[in-house]
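Note that the chains are named A, B and C in the order they appear, and that numbering of residues resets to 1 at the start of each chain.
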Amino acid sequence: MNYLSPTPRDFYRKYFSHFMMGILALLSCIALVPFIAISFFIIQKGWDGLSLGFFTEIPAPPAEGGGGMGNALLGSAVIVGMASLLGIPWGMGAGIFMSEYPGQKLGRILRFTIDLLTTVPSIVVGIFIYHLVVIHYGFSAFAGALALCVIMLPIVAKSTEEILRLVPQHIREAGLALGLPRWRVIINILIPGTYSMLITGVILAIARIAGETAPLLFTSLGNQFYAQNLSEPTSTLPVQIYEFAKSGFKELESLAWSGALVLIVFVFLVNLTVRSILFLYKRRMEK
Amino acid sequence: MKTDTVLLQIKNLKAYFSSTLVLKDISLDVSTNKVVALIGPSGCGKSTFIRCLNRMHEETPEAHVQGEVILNKQNIYAPSADPVLIRRKVGMVFQKPNPFPGMSIFDNVALGLRLLGIRKRSVLEEKVHSSLVQAALWNEVKNILKRPGTSLSGGQQQRLCIARTLATTPSVILMDEPTSALDPVSTMRIEELIRHLVQTVTVVIVTHNMQQASRISDNTAFLLNGELVEYEKTSRLFTNPSDPRTEQYITGRFG
Amino acid sequence: MDLKLKKHNAKIKNMKAKKQNITRFRSRLDERLNYMKSLACSMGECVEQTISDTQEVVFGKAVLEQKLTSIKKREDQINSLQLKLSKACFRALARQAPVAKDLRLILTCLYANTDLERMGDLAINIAHRTKKMDTDSSLDSCYTTLEKMFQSTIQMVQLSMQAFMKEDTTLAKNVLEMDDVVDSCQTQIKEKSKKVMQDKPHLVPTGVEFIIVSNGLERIADHSTNIAEEIIFLQTGYDIRHGS
């Protein structure tokens, strides 16, 4: 008998393998269902409400119909922009410190704190800023930005740290061996070398805070009109979706669906951009 | 050996990782324009030893050094000595070729020069050119200077790293198993290159390949368990070593 | 030189003391080295037997014609052994990259190879000459000295081969000492046969043969001395030839 010829047990094993693979494939298909359902649902409900007016006009009173979410889009952009302006350098600084000075006691404490901060529910952050800022100065875009900044900080710090840690130690040593001081190694070698990946981390953090609702309820509140300055209550897309969806008016609900569609498309686009950057980066590295 | 000028004098060097003694009182002299090879089994302290010569050892957390390393009459472990300045005089090439990621071939070589305050494009170009020529890489990369350094082959990358080190005109180059990740042809090119380089610099090289040590070095040091067992002319060490432990090691006997 | 040897002996002692848990990871090289040594020793044996055959013929214990076939056979054997040994050395050098003592052993084999081949040639040359030798009462002391010379030479060849097999410097040094004995025998034979030739012109051809045979033996002994010196080089790494 050929010593490679299968025994009955081998047949059984083969079919069992096929069977298990089938189950896994089925489960994977089921996992796709929520995603497809959500997309389909939101596109169906929100598509009709999309028009140029949606992006520029303020919401019309429920009885009139029409109107748009221009104020919320602008508010979101401003608040997310301010939060990023503050949170990105801050978070990256912390990330660089954690990755490049691991021996320092401060670094260890920082890493622990940042890990804790990541797990703090966003609504708690909202309450915190409410007590710290809103009680004294009232609801404002500033307060909203501050709350988002606190949420963004650990994400950016963590991703920066992890990306910098991907750079092999001998690259740093090569820089040091050339006679570069440590800060020069960071600025001239590590950051340029991981540029696109760092940006990727930042973009993902922005996408994350763009969808935050809970902390904004306590801080920037909302506004039916365009906010006149940064210290006024300001409407943001997630909060306005929330408000309109529970308002009970059909016109406002349809605006909320359109808003949700815009939000989801934004997050998709961000993810797509990030993926293509990563893909291009990888290809460049491999070349 | 006595008539040569001593460039690097190591006196009673002890290196620690936290409280573990990894180099036990090593003293040896390195002469100008010579290749010194360090051989010994893994974990004998070869890499640690050369990392002490440009104060790289202390970059590892909890590592410290005792003793003196005298480079051109100055103790690099004197309290006033600046590691950054020392490393510009004592360059280093690593086991894995490590061009800086995302940096072009040109920038890889020019980085050290820019650090020294050279900004003028023509001067930079001239120096990058001469370093690449010296590292025997110019002909292969002269048309692709803008491409990332990581796009080169392993052997080319290692020569790029050597060029990068040469750009700042160090007097000593330390090499930590520079060919262990390379194929035989690239290895031979690097070995050939090292023999050319010693006309202008002094090379201290760690190698696992005893044949390589015997091919390229003038003097060889055999380290065992953090101890310097024998430091001799290479031609002597590989034909008639004076210490039985050296003999055992180079002829393939291990205790 | 003595100081160096002393140092070397201390080194060997040291090595032996530490020997218990040392493993050598060069079994293939070791196998080749042993093979080379055995080839060299076979050559040594052939040389030695050729010389003793010659001795028997010279002293009338055998007839040359009886020995001719075995002498011829040994000549071929030595030649083929020489080829084998040089090939083995060449290959081991190319493939095993030997250093230190391994390298010295291969070099010693190569040197000894040439020496042994020359020794074989010389022994065979002497054997072929022996048929023309006469006996006479005035030649008796010559014969005695020649016998001593034969014995010493054979002993030197044996001893140098033993020293090589055991890599023993003491035996090798004994060989060096014995060379003096052979040398003095040769001088004696030269003087004596000169005298005999002057006194009895009809014995001139035999006298010349005496000188040629003793010369040959001296050369063989010289080659043994070379081998002994090479063994000292093998063990210590110092080349003691030509008094250096």
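Things worth noting here:
Just so it is clear, a contact is a pair of C-beta atoms (placed from the backbone, for glycine too) under 8 Å apart; a residue touches a chain by one contact, two chains touch by 3 or more.
Treat the numbers as computed from the prediction; the structure is a model and nothing was measured.
If you draw each protein chain as a dot and join the dots that touch, you get a simple line with two loose ends. When chain pairs are compared by their number of contacting C-beta pairs, A-B comes first.
If each chain is reduced to the centroid of its CA atoms, chain B and chain C end up 50 Å from each other.
Between chain A and chain C the centroid-to-centroid distance comes to 90 Å (mean Cα coordinates, whole Å).
Taking each chain's centre as the mean of its C-alpha atoms, chain A lies 46 Å from chain B. Contact of a single residue of chain B with at least two other chains is seen at no position. Residue positions of chain A with contacts to 2 or more other chains are absent.
Residues 54, 56, 59, 61-62, 84-88, 91-92, 94-96, 98, 100-103, 111-112, 115, 148, 150-151, 161, 164-165, 168, 174 of chain B touch chain A in their complex. Interface residues of chain C facing chain B in the complex, by the touch rule stated above, are 11, 14-15, 18, 21-26, 29, 97-104, 236-238. Only residues 102-103, 167-168, 170-171, 173-181, 184, 188-189, 192-195, 284-285, 287 of chain A touch chain B when the two sit together in their complex. Chain B meets chain C in the complex at residues 210-211, 214, 238-242, 244, 246-248, 250-255.
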